[in-house]
Structures are given as C-alpha cells and as structure tokens.
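Shared between the two complexes below is chain A, which has chain B as its partner in the first and chain C in the second.
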Partner chain A sequence: MSEESKKKIMFTVRKPPHGTIYVYEGLEVKLIMAAYDADISVVFIDDGVYALKAGQDTRELGIKGFEATYGVLVDYEIQKVYVDRQSMEERGLTEDDLLVIGEDEDTEEPIRPKMVDSSEIAAMMAEQHNILSF
Partner chain B sequence: MKLAVCIYEGPYNHEASDSAYNFIKAAVAKGHEIRGIFFYHDGVYNVTKLMDPPQDDRHIANRWSELGATGIDIVVCIAAAKRRGIVDEVLVPNVRISGLGQLTMMAIEADRMVIFGD
Partner chain C sequence: MLHTVNKSPFQNMALENCLRFTQSGDVILLMEDGVYGAVSGTAKSPLVESALAKKIKVYALGADLKARALGETIQGVEVTDYSGFVDLVEANRIHSWL
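This part shows the complex of A and B:
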C-alpha cells in the first residue's frame, strides 16, 4: 500500500506516565498498530510530556517502567513522535530533558521527539483519519 | 457513518460505559453502522457474567451482551483481560476476547473512533 493511501492514525498522550496504567497500556497499542499498514504518529501533550523525560527510575514504584521501550520506538517504525512545546515550557522542561527514541539509520545520530507548537499539532490532527487518546 | 467505540473504564465506578452504551443506541437509532466495540484498560470488566448488581440497578454486562446479540462485534482486549483475570469462561454471551489487531482494524475501517474514558 502506498504512503498516500495509508490511513493516518494519531495517538495523543496527555496523562502522566505513572499513577495509572493508561500510558503504559497505550504504548502497547502503539507497538501493535505500528505493525499494521497505517501511518502512525504520536503526540505528547499536557502531563503526557513527562512520559518522554529521560532518566526515569520506576524501581521504587514496583513497576517495570517503559522508558526502554520508548527508547526503541524508531525500531518499531514509529518515527513521527511529537511533543507540545507549550506543555514542556509550562513544566520547566527543555529539549535536553527528552529521551532518545532511536537512532538515524545512516548517521547513527540519536533521534529525539520533535518539539512542535500547538498550531502544528492542530494542523496534523486535522489530517488524521482517526485519533486515539491515552 | 461507520463508527467504532472504545471503552476504557470499568462498570459502575465510572460513567464511561453508560455513556458509550447510550451513544451506541442513539447512533444505531439514527441509522449509523457500528463497526465494533472494543474494551480496553479496566473496560474489560464490563462484560463479566460474575457481576451481580442489585435488582433495581441496570445490569451493565447483560446490556452489552444484548447489544452483541444484535450483531455488533464486541471485543475484549486479551492483553488487558489477562492482567485483570478476565477470561473466556467469565464472559457474557455475544462478546469475544481478541487482540489489539482488532482495535487497529476498527481504527482503520471506521470513519470515526469514539473513545469513552478519562
């Protein structure tokens, strides 16, 4: 199927990564859906941006944590990963706080989520076939 | 319009299941097609026959089962179900356990996916 005819499906992550299971089980959906013929993108907004913070240690929570899985999103063919600039700024986070989601095949440069403005997110949302929120 | 519905919350504790049910009834009455219903997160608890609410309350699982009897595909996520002890033996009739691939096909094939939950 050509890129053009693939259905565009966006995930929004708006909840904090820990405290509830939404973000973790939401990640499981992304990994499965990426194996199908769809044009997947993920946008982190509001407290969802904390899910992308590097250096999370969940050992004392007694849960496995999923930072390692986020670290290989690109290997799962999930390359369109965006983070809302305003949500980052409101929480005192900068681009340097973001974890690496994979590396460029050619240059081996680390790939991080791309910071975008709300207007860019709105434009992307308008192009989607469906949006799933977690 | 072809609709898919995803429910994230458990029964009684949260309004999501009731809202989704009312939404689907209204959509069907208006002539829309329901491509499928998918239970995820604690939503998997909505279709266990082990629930036994007071007589004067709605029976949420039976209500979903009746909707399934009309031919609507109702799917419980196996990964979410396994975590929570929901297996085939405890399901009400007209509901099936399957994988996230089913949710994927709903998201691809439905004109709109409507999500109920926090």
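This part shows the complex of A and C:
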C-alpha cells in the first residue's frame, strides 16, 4: 500500500502511566493497528509525557511495565512518535529523559520521540482520518 | 477539527490544554461536566472567551446545561442538542480530551 492510500491514525496519550490502564491499553491498540498497515502517529501530551520517561521500574507493583515494548516501537513500523514541548518543560523533562523507541537501521543510533510545539501537533491532528485518545 | 471536552475546567486542565491545540476554524463542544466551562462570570470563563476571540466556535450541550441548572452561558457560546452533536461529528474530524 502506498503512503498516500494508508489510513492516517493518530493516538494521543494524556494520562500518566501505571495509575490507570490507559497507557497499557493504548499501547496494545497501537500495535494492533500497526499490523493493519495504517500510517500511525503517537503524540504524548500533558501527563502522558511521563509514560515516556526512561527507567520505569514496575517490579514492586507486580506488573510488567511497557518500556521494553516502547523500546521496539520502530520495529513495529511506528516511527512517528512526538512529545509536546510545553508539557515536557512544565514537568522539568528534556529529550534526554525519554526512553528509546528503537534504533536506526543503518547507523544503529538510538531513536527517541521527537519534541514538537503544540501548533505542529494541531496541524498534524487536522490531517488525520481518526484520532484515538488514551 | 472538533474537540470535545467533558470535564469541568475546575477539575482538571482538559479545557485549558485543548485550547492550546486548537487552530482558527476549529470547533469545541463542551459536554457532560465540560459545560461548566461555558458558564459566564466564573473564574474559568476567560478560557472559553479567549477561544471565541481566536475565532474558534464553541458549543455546549443543552441537555447537560439543563441537568446542571446552568442558564447564563458566555456570550457567543452556542447551545446545541444531541442532533446538533451528531451534525458536528459528521462534519468534523474529532478528538476527545477525555
């Protein structure tokens, strides 16, 4: 399928991880949709940016966590992963705090989510066929 | 682009954050507890007033206003019903600020 004919689906994540099941469920749905060859983008806004903080250790909560899965998002053909700059700044986070979502095939450089402004996110939203919020 | 907000602006930042991601020509629908944001003369009224000033159309669901005994909505906010809601959904891409 060509890029143009693919269905453009955006996921927005606005909840912090672990307190509710939203981030986990959202991740499941992303992987399922990616299998259908859709043009997926994921945007982390508000407390959703905490879901991307590297070094989450959920062992004492008795749950598996999702960092390992997020670590291979690129392998699932989900490369368009964005974080809202203002949400990051409000929480004292920088790009270095973010977990890695894969590595570049050629250079083996780690790939991290891309920080963008809210106006860029608004423009991307306007181009989608569907937007799913988690 | 239709943005739906269903939480009170006194409860969380959904409306405020939604506004940051709206562009001119977008539409906001306040529903459920979101309709508290449509009331005039509150500490949170400036949020919707600023949206209207940015040429963003703001609707509030009448059934939710009535259920909460809310009469005085901000001037410029359009009160709509369920069929109006359906029309908005039909005409726009939608993002729910849950």
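Note that the second predicted complex is superposed on the first by the 134 of 134 C-alpha atoms of A that agree within 3 Å, B and C clash if a C-alpha of one lies under 4 Å from a C-alpha of the other, contacts with A are read in each partner's own complex, and residues count from 1 in each chain.
In this text, a residue touches a chain if its C-beta (ideal position, glycine included) is under 8 Å from a C-beta of that chain, and two chains touch if they have at least 3 such contacts.
All of these numbers come straight from a predicted model, not from anything done at the bench.
K.L.:
In the overlay, answer first, second, both or neither for which of chain B and chain C A:Ala123 touches.
P.N.:
Second partner only.
K.L.:
Thinking of the overlay built on chain A, is A:Ile45 touched by chain B (first), by chain C (second), by both, or by neither?
P.N.:
A:Ile45 sits against chain C, while chain B stays out of touch.
K.L.:
Touching A:Gln56, do we find chain B (first), chain C (second), both, or neither?
P.N.:
Once the two structures are laid over each other on A, A:Gln56 reaches no partner at all.
K.L.:
Counting only touches as set out at the top, which of chain B and chain C does A:Thr69 meet: first, second, both, neither?
P.N.:
In the superposed model, A:Thr69 contacts neither chain B nor chain C.
K.L.:
When the two structures are overlaid on chain A, which partner does A:Ile32 contact: first (chain B), second (chain C), both, or neither?
P.N.:
first
K.L.:
Which partner chains sit in contact with A:Gln86 here, chain B, chain C, both or neither? Use first/second/both/neither.
P.N.:
A:Gln86: touches chain C, not chain B.
K.L.:
Taking the superposition on A as described, I'd like to know which of chain B and chain C A:Ser133 touches: first, second, both or neither.
P.N.:
The answer is both, since A:Ser133 touches chain B and chain C.
K.L.:
Once the structures are superposed on A, label A:Lys7 by its partner contacts, choosing first (chain B), second (chain C), both or neither.
P.N.:
first
K.L.:
Overlap the chain B and chain C contact sets on chain A and report the shared residues.
P.N.:
129-131, 133
K.L.:
Which bits of chain B are touching chain A when the two form their complex?
P.N.:
4, 6, 8, 40-41, 79-80, 99-101, 103-105, 107-108, 110, 112-113, 115, 118
K.L.:
Quick one: which bits of chain C touch chain A in the complex? Just the residue numbers, please.
P.N.:
Listed in rising order, the residues of chain C that touch chain A are 1, 13, 17, 20-23, 26, 93-98.
K.L.:
Show which residues of chain A lie in contact with chain B when the two form their complex.
P.N.:
7, 9, 15, 20-22, 25, 28-29, 32-33, 36-38, 129-133
K.L.:
Give every residue of chain A touching chain C within the complex, in rising order.
P.N.:
12, 14, 45-46, 86, 118-119, 121-123, 125-126, 128-131, 133
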